[in-house]
Structures are given as structure tokens and as C-alpha cells.
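The first chain written gets the first letter, and so on, giving A, B, C and D; residue counts start at 1 in each chain.
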């Protein structure tokens, strides 16, 4: 049985998923919906399927699952629509930028017993997975302190910032999910510091480009997250977990690993400069995991609840910056 | 225009090329030939095309190029056949295990002005390419000394050894090609030492499993190659080029790059354990290069002459081991 | 002219300094004072000098400088005594565990115009110095975010904890000084989280063994510090500075740098397991710097004010943990 | 009991040993002999002892051991002189540049039952020792293939070349000793290639500046050595041993280990640029080992026989270059 897919949104992340679907022997791309016809056609000509409207997909008998890659403000509506239509749903993060709307949407998912997976792709990166596996295998004993460094190669354009929900909901949210993936215990307190060091325009839009966040759990585990919207040397994505018996760290990735030694020293090339090349394997494994869950009739992971949990941490971080204090998750309904 | 391909030989390396062809927007897999029908069908069901005989492909009007992945002893015949049929030819190394037959075959290629590329995939590995680029960019000055370490994870089965032509023609041949790719000058002398340290059965079959080779050029450049049929830690593939202004080295590759630190020390996972996973990107880039050459009507590289040159070095190495002395290429007609 | 030294306190850190003095061509060890005669004699027999009392040293005409390595609660008194006696003073950190006493003592130093250097040895580590130099040379642009990881191999005994002043005054204080050394701007806010994850006894004594601290400056620079009293893999001492043009990081140090590759992976030995072997070069360079300052008649660095500044950060960190909020330095008189 | 030393030769290597003797609690520097009085005095003023002639030292009752750091052509005479005088002898390599004279000298050592250690300092480097220990501990199984890379930062002056005995006797000799230290079996065959790539003047003097050597043992183990008189990035000193269960490698050493990441890539500083800073610890451990042997009344290692064995390999290498063939040690009396 091949899972029959419809892709909603034919932008660059949509294309990544279309490619993963086409390459997966257990899946077929049947339909692509995008108001911008050329975008849909470009994907169709390369990876198969046909152009359809969202409404056609909603009622189609030959579609098992949808992949939602549309703008963020349409996610919750589409999840609800396809939950009611009985389709399995993979949705890019976030469900929505407001807690209330996310809760409402997840309520619908629960009532319809829909299958929903949220696109926290980093959980599927082979290096981060191996970190988790090292923990699960007991190699570092009890997890105590985590350090996540997550820096973009360069700041996004102003119009992206405007609709992004801010650095915590847009960028740190991946790190919040990673923290939850690795801590083995829910954070209950968040402290965050944020500032504008990279691009004054980001500050003018009310956002930050540099942030340091500390999460703490009830038993006293810590996780610190360091974010910057700029890293001259590429896409900096590191995780290190310190435990009672040792540590495990995922190293940065570069497209080419050579070393040139001259009188100036030993030089290796910069890192990947783009999240899509950095996370190529993660995106493919993510969709493969979704397909496997759908085939097996199991609820996929990360779930809608994982999406909500990360958003709550983002909310708490923002509150912490504004109030200069540690914020407990329970204060914001977490 | 899409280049229309026929695949000859549906074994594991054939499958690698079929995948690369299917994924390449400028190519189509039209036909697959293999006496073992199930193998051909498995590839067809996944990557397209239909089953045909070699003869059908030879005379087909809808085939532009063939990829030869059949057993070594059929390579020369097939090259000649398809050269005469006017197809562009990609052939896995080696053309043949005997110098004489290779020369004869290349003569036919020349007479028919055929397009022939030999599958020295490592030239297309992004890391080795970057080494070459660093040299071409003048970053290390004049090339002086090269060191190649090339070790398999484990020895092949006895029946493979029997038909392989021996370690120099089968394994070191890749390193000879790499040496030529990087030296910037043809080696004119070969000295080789070889022994049986890994598997006595290999010795009983008249072959070696461990070899150290030194190549020298007229101007005094050296290249040393270290081969072993066994490396407990994986597929060890390193190249280092020392020049007047510095050095450049390609590092080993591992599927997962984490580091676990415990009281025992800092541990990173083993290397890739299989040439296909190690050289995934190289295989795709290799076929892409062939396709681009065919589209552009240019002669591809590495050529049949490159195949011959590497084989001559293998021949010289074997003679050197037998006679305990440095062998000049000209002694064997190089 | 050779600087004539008296050593106060013949414990293990005293021995380190005695060795550095003896090996320095510009210094001579003239006297050693320690109530435990065997300890003083052991140093004298190896590095020269004679046993004297503190009082004899105070009035001696043949002593230019003293090195104070006595218990912490004697530091301030001894600094004052030797400031009045006109001796140059090198004192191990901290000046005292209370802010008030430190201010009082530094007042005396100022009134007597005494020469005082505080033993923040890490500033003299060649690797951390090189980090600072890379910053000063403009290689990473403007400093934005710093990350310090500082972990002991194992927790100290309970009686050490009791007199240590707690993790922030005893352990993090080095990191606070390092942060000030590298930030290029004074931190004005401190947020700290601390817990007991390593040794419950430390918690029973009212202290913590695991801490995460974030410092922020007026212009928005951040520094995060991660401390643990236990690292199974050795003495973990890392600093990374992120700037507008790149980053610079000091790597961990190990006594032996080999790598063993087996089927289990690639393994390097653990780090140094003791601060004295880790910072051997730093201790020697520290005393050399003090000697050079004394010879040149200049005020040495780090100064008493640096000692106070680090202690204020420790105080603020403790207050932050207790109150669950960011604490401004000015709140505690900083 | 403190071993009482005389130092013969107050040049830069003599100074290194004087420092090691002065710092060793089991040794005392009693006398220094050097025709150049200022050199001797400089050492005496720093590390103790008094100036004496070689003859005075020969007959002195207060000297237990001599350290010979004089020009190479005096080594054999001095060894014989002090062997007869009953002093323990540490002599810098080589004993002599000719095999015959070495044999003669060692004959005297044997007849007088003298204690003689040859200065192959690299055996005492902590990293190379750890490589040996990993082998001895069985971590890599049976040793099969060794690779030694040994490159100087830059070529020596012409007058040094003239008296050096050529690259094999002067530079490769250290690598020959390292090969013997690690192989666990004597090499019986040598093949060498050498050329002039760095400095034409070296060629005019009849020497080489670039060499590749392969050693082989009776059981088929190989060791390749790659030498160059120039490495733009510093003093390149690597050893890698490949065995049946894995490999062990000693990494290069740099004085400062930081990494600067910018848009150009990740850069670490160059290596040590001088053998004395690279091998500081090795020199100290070497003399400590000699002192320990003398104190214990044991024959030290490496011995005079080790000095001869390395010289025989150098001789064989030179013969191999000249004759373009593998040379068996037995051909030159090995």
C-alpha cells in the first residue's frame, strides 16, 4: 500500500517534502495545491501528481494524507479542515502563533481522532538522533545540563520578521523542541535575555536577533540556548548534553571536509549556509517517519501536543525578557 | 533534451547508477538489460524503463547512452559493441584486466570517435574535488608529495579475489587514478611492497591484502599509497597533498558525527562501512558529469586513456613486487 | 635586579608558585612561611629560601614581594599588612568572601599605593590569551555573545565546600573574571539558576553543584556560563566568543593527544584531570607577569578591583538564584 | 643519591639537557665543558656547575655521568674515552656517521661494560609513548602497517647539510628509530625514493630534501616514512600504526589550540615551528629515564645497538636510492 499524498503549498519547503515523497517507495504524490500555478506545476513536472484546489483535495477519495506547507496563519484552519475530512496530516511548525488558537485546533484534532504530526525536522537529523540514542543507551548516565547553540547564517528580511511571531516563536522554538526531546523531563521554568546586536531594523520591528535562554526542570536539570540571527561561518547548529557519566555532543556539519594547512594555520571550510542543505537527511527521514506511522495506523511523533509545548516555552521566554525574571510555565497555562 | 539511458547489468552498482539517472532531470532510464530477470525488474519498478536484451539496446533508436555495470570480463566487448553502435558509453572500471585488450578496445573507441567515460567515481567525491580545487587555486603552491591511505572495512570473499585481477588492479587502481588526478604530472616509476597480513586465503590465491606503493615523477614528486583489505573502524579513505606553500587533506567521512565523552575518553563513531554509502554523492556527481558531457557533445573525463594509465601503474606495481625493484612505466609500454 | 620573594603558605598552590619563582631568572625565593614546618621545608629544599615567620617577612629588608597562598580568611589581613609594609603583593583569589571586607582591604591598598595582583590564573593560559588576542586583532568583529563551560572533574570534599563561600564565589568566580576579560564591557545584569545534581551532601551544606549563569551588558552583549562540579571526562574548560564577523573558541586540553580507532569508533584520551596540570603554563606566566610588573614599577593586572568585580558578580548570581530574577549589579553596590 | 653530571658541549641542545638536569631532583649539574667559554658560563650561571675541561671531567671523582652534545664527529671518541673512565654516558645521536666507526665504538662500550644511552628523544614524547602503550595494551591487535610523516618547518643552512651525513642519517634516522620502536619486529628490507624539491642548493651538495621510504619486515609488516625539509605550517610529526583490530595515531602538536571561525572557514594556528618547543617534554623525560637507569644500575634504552640499527637503515636507504631497488639489511651487514 502506497500512501497517497496531497501537498498544500508549493514553496521551497513544499518542494523539499515533494521530493521526499517521490523518493519514498511507500508514498505517491497525487496532488499539489497552490494559488500560484507556476509553483505547483514546477513541482508536478518533477515529482508527479496534478494540480488541485484545497477543496478538491478535501473531498478526494484518492488522498490519504496532506502535507501543509502554506503560510503560518493558515495552518490551524487547514489542520481542522483535514482532520474533519479524515486525512492524515503533516503540518510544518507552528500550528499557530497564539496559544489559544493552537489549543482550539488541537481540540478538533482530538475530537476527530485525527493523525497529526508537526514538522520539527531536527528530531530526525541523524546526528541529533544519535545524541538521543546515546542518552537512551545510558552512555552519559543521567542527563543534567544541556547546551544548545543555534545560529542562522544571516538575518531574514524585514517582511519575514513581521509575520514570524518573533525570534522565540520562529527560531528558538526548534531549540525548545530539541531541549524537550533530550531533557527527559519537562522544563517548568524559563529565563530569557534578548537583545538587538545584528540588525537594528529587527529591533525597530519589536523583535530581537540575539537571545540566551535558560530552561530548568523540577528536578534541577538545566538547558541553555544561545541564538543569533548571524554567524559569519555558516549555519551553526550544536547540541551538547552533559550527564552524570559523561557528555555527548553533535558536531556542526559542513558540505566539504578538507583541511588546508599553510603558514597562516590549518583551515577547514565554513559550515552549510542554508537550513535545507544542512537538514537534507532530516527532512527525508521526517516524511519517512510520518509515512511509516500512517501505514502502521499509529499516532506520529512529534505530535500537536509537542507543537503546543514548544510554543508555551516561547511564550514564557518572551514574558521573561519583558519582566526580567524567571517565568514558570504554569503562569501561562503550561 | 533528456539523455535516454540503457543500463547493462542490474547488480548493486547498476542500481546506484539507475537511481542517479532517475533523479537527474536531464536523463531518463529507458532500458535495463540483465540475464537475471528479477534484478532488472527490481530496478525498473523503482526507477523506470523496461527490460531489453543487449542486442535490442544495441539497435534501439531511443537510446543515447549506455552504462556498463556487467562483470569485468565483458567490459571491453560491450564498449566496442556500443562504440560501433554510436552510443555514448559510461563503463565501470576497469576496461579489462589485460593491457593488450584495453589498448585494442581503446583503438576501436578512437576509430569510431566514440564517447567513453570510465567510472573512477572518487574524482567526483566532493572532498577530493575540493582537494584538487585547493591545488588548482594555488593554495599549497607546487605539489611535492602525496599520501593516499585507502583501506577497505574487510576483505572480499575468495571468489571475488579470484576474478578481481589482484589488489593492484582491483583496489589500488582507484588510488593510482587519484594520484594522477592530483599529481599534475605523470608518474614514471613505481615501487611496491605487498604482503598477506589479513587473510591467508588471499595469499593462497596468489594475491596480497596489504600493500605500500611509491610513485615518482620525472621532476621528483612522490606519491605513497597505503592499502589494506581490513580496517576495523570502517572505510578509510584519505588523501593528503603536500606542497611548497602548505598541505591539503581530505578527512574521513562518517555517517554520524557525534562525540561521547566519558571517563574512558572522547569517542566518535566509526567511519562509513561500505563504499556505496561513503561515495553516494560521488556516484551521483559522476553520472551527472557524464550526462553533461554527452549533452554538450564533449569528451568526458576520466577517459579510456585514464583507465589505461591506471592499469599500467597496477601492472608496474605487480612487477615491482615480484622483482624487488623500482619499475619504470616505459618498461611495460607506459 | 632579581625580585626577592617570600612565599606565605606552603600548600600545593604555594609549591606551584615557588617552582615558578625558582625557574624565573628575574626572581629569587628568599623566604617561606608556613605554620606547618615540614611543608615549608619541603619547598625550601627544592626551590631555595629559608623558613621565616610572617612577622619576620613583614619587617625584612631583603624581601621585595610576597605571594599569599594561605587560607582565604587570612587574605585580606595579609594584604593590608604587606601593603603597609611596602611589599609588592600577589594574592590568590579571593581577597575575601564578603564584599565589605574586600572594599575595606582595597581601600588600604589604595591609601598605601601598594602593588597588588590577584591570582586569576586563567587570564594567563596561552589558549585563553590567544582568544583575547583574536578579539583584540579584530578577527571576529564586535563581541556579541560568550559561552563559558567550566566543569570540575569531581566534587570537592565537604569541608572544602564549607569554607569555599559556595559555588559562585569559589568556582564561577574564575568564569566571571574570564567573562570580564573577554566581553570588553562590564556586565550590568546577572541571572543564575543553580541546583544540586551531583552530590546531595553539597545541597545539605546549602551550596549548589550545577549552575547556569547569564550575564548581560548595557549594550546587549550576553555571556552564559555553565558550571558543574563533575565531568567524568576530565577538567572541562572551554570559552567561545561569538562576534559580528565570526567566532573564536579555546579548545579543551589533554595531556596526551592520540586517537585510537577500532570497531567501536575513534577514541581520544580524557582531558587533564587536575587544575594544576591543566594550568601549568598559566601559573608560570602569571608569576612572570607579576615579576615583570614589579620590575617595571607598574600596577599589575588583574588588580584588586578585578577581584572585587568578580566577587560582586558572584554575589549577584546568588541573589538571582534566591529571588528567581535578573539582578542588576547596582543593586548590590556594583 | 643525586647523579652528578658533566655536560660536554654548551650549545642549544646542551642547554636543554642542562635545564632538565637542574630541574631533576635526582641529578646535579657539576661541570660544563665547552671550548667557547661564554657558552659554558651562560649555562653555569643559570643551571649551576663549574667550567672544566674534558680531561678534568675524565678524571674527576665527583662526576658520575656525562651528557655528550658536542659535534657529531667527536661522539665516538668521547664515548670511548668516558666508557674507559667508567662514567655513565648519554650521547646525542648519532654515534658516528660511518657504520664501521660505530661498531668499533660499541665494541669498546661492550668491553668496558659501560652504560650508554643514545638520544632518540622522540621515544620519550608523551604522545608517541602513548601510541606504543596502546599497541602494548593490545588495543589495535597485531601491528601491520605504520605511517610516519616527519617534516621540518624549513631547510637547514648549507653548512649544516655538509656535516649532517645527508637526510637519511640526519633526519630520517629519527623515523627509523620510531619505526623500530613501534613495529615489534626488525625491518629487513628498505626501499627509498628521494629528490630535491625544496632547495636546489641541497641538491648541489649531493643531498636530498624530500624522501619516501618503505621498510618491510620478514613477516610482511610495512612502514612508510615521508620526509620533507619544509612544511609551511610548522613542525609536522605524525605517527600512525594500523593493526588487525584498529589503528592508533599521534596527532600534531601546536603551542596554542584555539579555532577562529569566519566567513573564510575555521582556522587553527600553525604547529610548533621548532623541534625544541615541540619536544620539550620528551627531552625532560629522556634525561629522567637516563638518570633512573643510572640510579638503578640498569642499562638504559635506547642503547648503542639502537643507534647502530637506525644508522644501518639509513645506509640501506641511501643504497636503495642509488640503485633503484629494495635493499636487504643483510647486504650491508645489518
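Methods note: contacts are C-beta pairs under 8 Å (C-beta built on N, C-alpha and C of every residue); 3 or more make two chains touch, one makes a residue touch a chain.
Predicted model only: the values in this text are computed from it and were never measured.
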| item | value |
| --- | --- |
| Result of counting contacting C-beta pairs for A-C and B-C, higher pair | A-C |
| Selected from A-B, A-D or B-D, interface repeating C-D by over half of its contact pairs | A-B |
| Whole-Å gap separating chain B and chain C, where each centre is the average of the chain's CA atoms | 57 |
| CA centroid of chain A to CA centroid of chain C, Å | 42 |
| Of all residues in chain C, the ones touching two or more other chains | 231-233, 245-247, 261-263, 269 |
| In the complex, chain D residues that touch chain B | 141-142, 144-145, 147, 149, 151, 189, 191, 193, 195-198, 210, 212, 214, 216, 219-222, 224, 226, 228, 230-233, 236, 242, 244-247, 324-326 |
| Complex contacts: residues of chain D adjacent to chain A | 231-233, 261-270 |
| Of all residues in chain A, those that touch chain B in their complex | 23, 25, 46, 126-127, 130-131, 134, 139-140, 245-251, 253, 255-263, 269 |
